[in-house]
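Input: one structure, supplied below.
Lettered A, B, C, D and E in written order, each chain numbered from 1.
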Amino acid sequence: MTTSLELNHIGKVYQTRTGEVQALSHVHLSIAPRSFVSIVGPSGCGKSTVMRIIAGLEQPSTGSIKKNGANLENHRDDMAVVFQKDVLLAWRSVLDNVLFPIEIKHGKKQKKATVDKAMQLLKSVGLAGFEQKYPHELSGGMKQRVAICRALIQDPQLLLMDEPFGALDALTREQMMYDLLRLSDTYQFTTVFITHSIEEAVFLSDKVVVMSGRPGSIVKEIPSTLSRPRNGDTRKEPEFTGQVSTIRSIFQTQGILAEA
Amino acid sequence: MTTSLELNHIGKVYQTRTGEVQALSHVHLSIAPRSFVSIVGPSGCGKSTVMRIIAGLEQPSTGSIKKNGANLENHRDDMAVVFQKDVLLAWRSVLDNVLFPIEIKHGKKQKKATVDKAMQLLKSVGLAGFEQKYPHELSGGMKQRVAICRALIQDPQLLLMDEPFGALDALTREQMMYDLLRLSDTYQFTTVFITHSIEEAVFLSDKVVVMSGRPGSIVKEIPSTLSRPRNGDTRKEPEFTGQVSTIRSIFQTQGILAEA
Amino acid sequence: FLGLLAGCGNEGGSSLANPTVNADTGEIGEPEVEDITLRLNWRFKGEFAPFYVAQEKGFFEEYGLNVDVLEGNGSTSVMQTVAQGQDDLGITSTVEPAQGVEEGMPITMIATYMNSSPIMIASHPDAPVETPTDLEGKSIAMAIASTFTNIFPRFLEEENVNASEVEAVQVEASARNGLFLGKEVDAVAIFSTNELPVFEKELGYELTSLYLSEYQFDLAGLTVIGNNQFLNDNPNTAARFLAAMDEAFRYTLEHIDEAVAISAERFPDAVDEEIVREQLTLLEEIAQFDSVPFGWIAEENIAETLTILEGSGLISDKQEAEAYFTNEFFQLD
Amino acid sequence: MQSKTETTWMKQAKPKSVKRIQVPHSLWAGFTLIGFFLVWQLATMLLAIPQYLLPSPISIFTRVLSESQLLLSHALTTLAEVGLGFALSLSIGIPLAIAIVYSRYLANALYPILIAIQCIPMVSIAPILVIWFGYGLTTKILLACLISFFPIVINAVTGFRSLDKDMHDLGRSIGISEWKNFFYLRLPNALPHLFGGIKVGVTLAVVGAVVGEFVASERGLGYLQLTANARLDTPLVFATLFTLALIGMLLFGAVQLLERWIMPWYSANKAGSER
Amino acid sequence: MQSKTETTWMKQAKPKSVKRIQVPHSLWAGFTLIGFFLVWQLATMLLAIPQYLLPSPISIFTRVLSESQLLLSHALTTLAEVGLGFALSLSIGIPLAIAIVYSRYLANALYPILIAIQCIPMVSIAPILVIWFGYGLTTKILLACLISFFPIVINAVTGFRSLDKDMHDLGRSIGISEWKNFFYLRLPNALPHLFGGIKVGVTLAVVGAVVGEFVASERGLGYLQLTANARLDTPLVFATLFTLALIGMLLFGAVQLLERWIMPWYSANKAGSER
């Protein structure tokens, strides 16, 4: 069984030297099992904060979070996170970085048994031949891909991704979107996906959550009417462009778009 | 006078523990004074390496680089860089991070005199009110914007930007594109701009340079036929969509685009 | 280890059990224990040679003892380990046990092999200090916080020396030596049995000496102390030890060359034969025991020590001399 | 600073208890110390450990109180030596570390000498210093300096070398001299290492000054200890040691306060676990 | 490692001279040391410094050579004490540092005691240890341990606390115990700090062992020095000190090699400037 999540009117206040910062206010959201939910919103609106709260890395200041109906305060076992900043371990090779969660959770033996899978994953993101390199020998996008592999190798029930494709070129990005869809289809995990690309969000998701600027809150939830599986043709469906422009217009009504 | 740059058949080989990596081979490129040049290409193709070589942070293994006709081996005074990874100083407030280059180049007094300009810049990227925060109190996109401010405050003759808008949402990104165009128009600096967004590249540039995968080399240079100034209507010009699809097709012929 | 720290009984010397002696043969009764330890108060120096001679020439064995002679680190620490029972017997000067007994340490002096003090003031012959008044206008180096340093003000006072005209330099021992040898100071307080021959050898000329013992400042050195409990339980062993040492001293002073050779063999890394020979010669001068066994403690000697210490403020609560020492373990012929 | 809660994994399980735990932290530590002294007191009483071996805490404390005037005046002497010696140590050690960082040649030439100085006990060096520099203040200052500057140099070198390449590149891209690069990047970046070295160094400086007093002095806690020792006044010896320890804690605490004051940004960026 | 050239800003100006400078680095250092000894030799000769104050390097070296057998055998004794003491120090210091990192309470309770031990000169502690633990090996091992473990603890604590929040979050997101988090993240991340502490600690351990030998021993370089001193055999004293310095350099060098071997990734990520 995979994970259903329930965020109940979550608020988050950061204490800083120069006063409090209200990052989130009344974020209310439910994430169905096996669904793919994307979060879009202006930079600094609190997307990462929502994700960190779901991941249990941050405590909400107000409100609560329920998993499969039960109050969730502690770590989630069956979860994997791709952070906004690729946190690779400088002292481990690419392969060892990918295998890090396995080694740490299941020991050296299981790590050995998982090497093939890791190689496979690395190959699928275009990093074949880079297994023995160290992080500092990689380009920015390569590091991001390693971080994605590190999350996927855990076979999570809940996958949290914070702008995972930000540093990737259009082609690689598209390739990885397809891969991600295939995997979530195969393993039926729940995905929370933060992105700045409205197209990406619409293309991938069962539900797109649009957040407003500080203090972050949810302005609109847009369930997808697009058919599955998604493929090259999905982009050509009128619903696709329709949803994209809906979201764009929500943004436009909120934001200020000034021209020189 | 601003900068004209000439890259002569530059090659770059990285020495690693596990052998040599040929990152660039025969990169030949000239950048006209006051022009805006974008570099696009698959992740890991050597875009950052090219930029680091232009910046003088890396020595080319073969080939040479000329500035205004003279051989260029050392630092470039009139240059500012936005790195792929926002390297903010953890021990300085946002404002002090932005003013860092001024303080370090021209002393405390000049720093004081530049505070207003820095505040202005921060405001223009939507960070008003965050001047006294520390980097760890910012979101990913906010950090990136601080790094951009830090580059712009230097009034460079040559601005090098490595995926500067990667962590920004569509709206902020568009806003910043307009700001950048306005600035480069006002101050007439030369810009080298690395991006993964083909639209962005076409929209901004006088010339788009398309690079191929490892070892990186230039496949095509596409001079822009779009009129200036660029604005909301530019995207609707047929040349715009034409160039975008040209580049996309170049990518497609190189890359492998598999669907689930 | 806290248990180790618990002290033993705290009784004065006079109440110790006496050794049993066969009235006919004069032979001391069977030793209660045979294996005992003797803790010296420093690394090897010439005056310790008799203890090693006793080992090597079999004097201990002759008395049925097996004595482990161990090097140590200063009288205070020797006293503490003896008081605590880690070591059975120890070597100190007379000063520290006098203080220790006052502090309640369960120890007693049972022998002292120098009945005259080796403490002296040496000076370069070109600026000689022959009498205490010669010190006026001169500088003298002394080991910091040493016995000499503590009694020095009283010494000056007793000898009517104007203390304000004497520059007393308190430094650590090797710095003291350096200062004197480099003539940074005029005089130095040392032991005749230890540093004097070393200095003279180094400088190549004889130094002017002033012995404190000649001015009623006779603080004897090379004193054997014992743990009270040990002495009380093993009087025969203690008596046998002293008897063996009597012979060993006699033998050593009669066969200085052999004693030097024995020392050199035992401590190849630490012994300069010439210096040891000289040290033993000087020891002979201040170890005068006529008609009594070597080590016999003269009561007036102890009393004098106590007076000096009291006068110098080193002890405040002087007890009867018998509280500090005993001659009970000597066998008079 | 107040975002503490976020860093602690363990605390998250019971976020309500955070407040309760916070207050008595230092109190508990105090209790532990008191407990320690209590055990010591009981041990000396029950096992009848004689005073000359190990005085009871009460006798030490009463001695500290009754002799507080004496201890304070000697402590001030020692403190002055420590202060001067440590200042000297910093003003030699940091430039030396900079020299070592920037010159492999100097690193190779200086390290052997530094290590030699470090490996030779101060008690061996002290007499030589007395002969060269006299038995005055200089010798003690030099000893405090000599003993404390190795940890400062080593930690400073490690710290200065720990600058991330990215940051160094940033400095280079701005086009500043390596000199400014040092002050604006290397130095702030090295602060955690530096403070580690300073904490070790300042306590060692106390040792150096005291050893100096052992060797040549007429004042100071080292001298007091020696004379007390010569008198077999063990409680006073321990009272002196206690005062020394107090000085050390004061200096250490001062450094720690300074550290928090200079690096307020630091703890917020680090997962200091239980803090 | 071979990408050295990229890190150095200054080198870039004249990339051709890199090769020329590279080779003689350590040679130059050697020359400097030789120069140092030359000056010393000349000073003793020209200023006619008497041997008992400062022997000439030549007389020291000839003594080192002629007594090499003796020095070696005593050095081995000392080395054994250092080794055991330092091993003990590590095996107490690191767990203690972990305890301090994870418990503010322990930090508060332990730091005062640690600082107290650190501030009291070993020469003062040594006699007490002799009383408790006797004149044997234990005392010397304990001294080597006591003197060296403060820098280890302090540096380890600083190091363990220096884990980036991001990395800690990564560990937490994987859902591992803080225990594994420690071994897989905190520990490797703290290595540069740890090695800084170990370098200071190991040289201090030499001092501790020698001080122990001053107080209680019949072998070892400290003993040798003491007896040589008593005979005013100053060249032998200096020969002993020289051997001590040599031991220190050996140990320090070994630690540095170990560091390079364990942290090959480190220097590549850091702008170590001239290296």
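Throughout what follows, a residue touches a chain if its C-beta (ideal position, glycine included) is under 8 Å from a C-beta of that chain, and two chains touch if they have at least 3 such contacts.
Worth saying up front: this structure is predicted, and the values here are computed from it rather than measured.
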item: Greatest separation from subunit B - chain, by CA centre; value: C
item: Chain-chain pair with the highest tally of contacting C-beta pairs; value: D-E
item: Copy pair subunit A, subunit B: interface residue numbering same or different (half cut); value: same
item: For subunit A paired with subunit C, centre-to-centre distance based on mean C-alpha positions, whole Å; value: 84
item: Whole-Å gap separating subunit C and subunit D, where each centre is the average of the chain's CA atoms; value: 41
item: Approximate Å spacing (C-alpha centroids) for the pair subunit A, subunit D; value: 47
item: Residues of subunit D whose C-beta touches two or more other chains; value: 9, 53, 123, 128, 131, 164-165, 167, 169, 172, 214, 269
item: Junction residues of subunit A, two or more chains touched; value: 14, 16-17, 56-57, 75, 85, 134, 136
item: Where subunit C touches two or more other chains, by residue; value: 5, 76, 80, 84, 174, 178, 182
item: In the complex with subunit E, residue positions of subunit A that touch it; value: 52, 55-57, 75-77, 79-81, 83, 85, 87, 89-91, 100-101, 103-105, 134, 136, 154
item: Touching residues (chain side subunit A, partner subunit B) in the complex; value: 14, 16-18, 21, 40-44, 46-48, 84-85, 126, 132-134, 137-142, 145, 162-163, 166-175, 178-179, 181-182, 185, 196-198, 229, 231-232, 248, 251-252, 255-260
item: Subunit D contact footprint on subunit E (complex, rising order); value: 7, 9-10, 25-26, 28-30, 32-33, 36, 53-54, 101-105, 107-109, 111-113, 115-116, 118-124, 131, 150-151, 154-155, 158, 160-165, 167-169, 172, 178, 181, 186, 192-193, 195-197, 199-200, 203-204, 206-207, 210-211, 214, 222, 225, 237, 241, 244-245, 247-249, 252, 269-275
item: Subunit A-facing residues of subunit E, complex; value: 164, 166-167, 169-176, 180, 184-185, 188, 263, 265-266, 268-269
item: Subunit C - residues contacting subunit E, complex; value: 1, 4-5, 43-45, 70-74, 76-77, 80-81, 84, 86, 174, 177-178, 181-182, 194, 198-199, 201-202, 267, 269-270, 272, 275
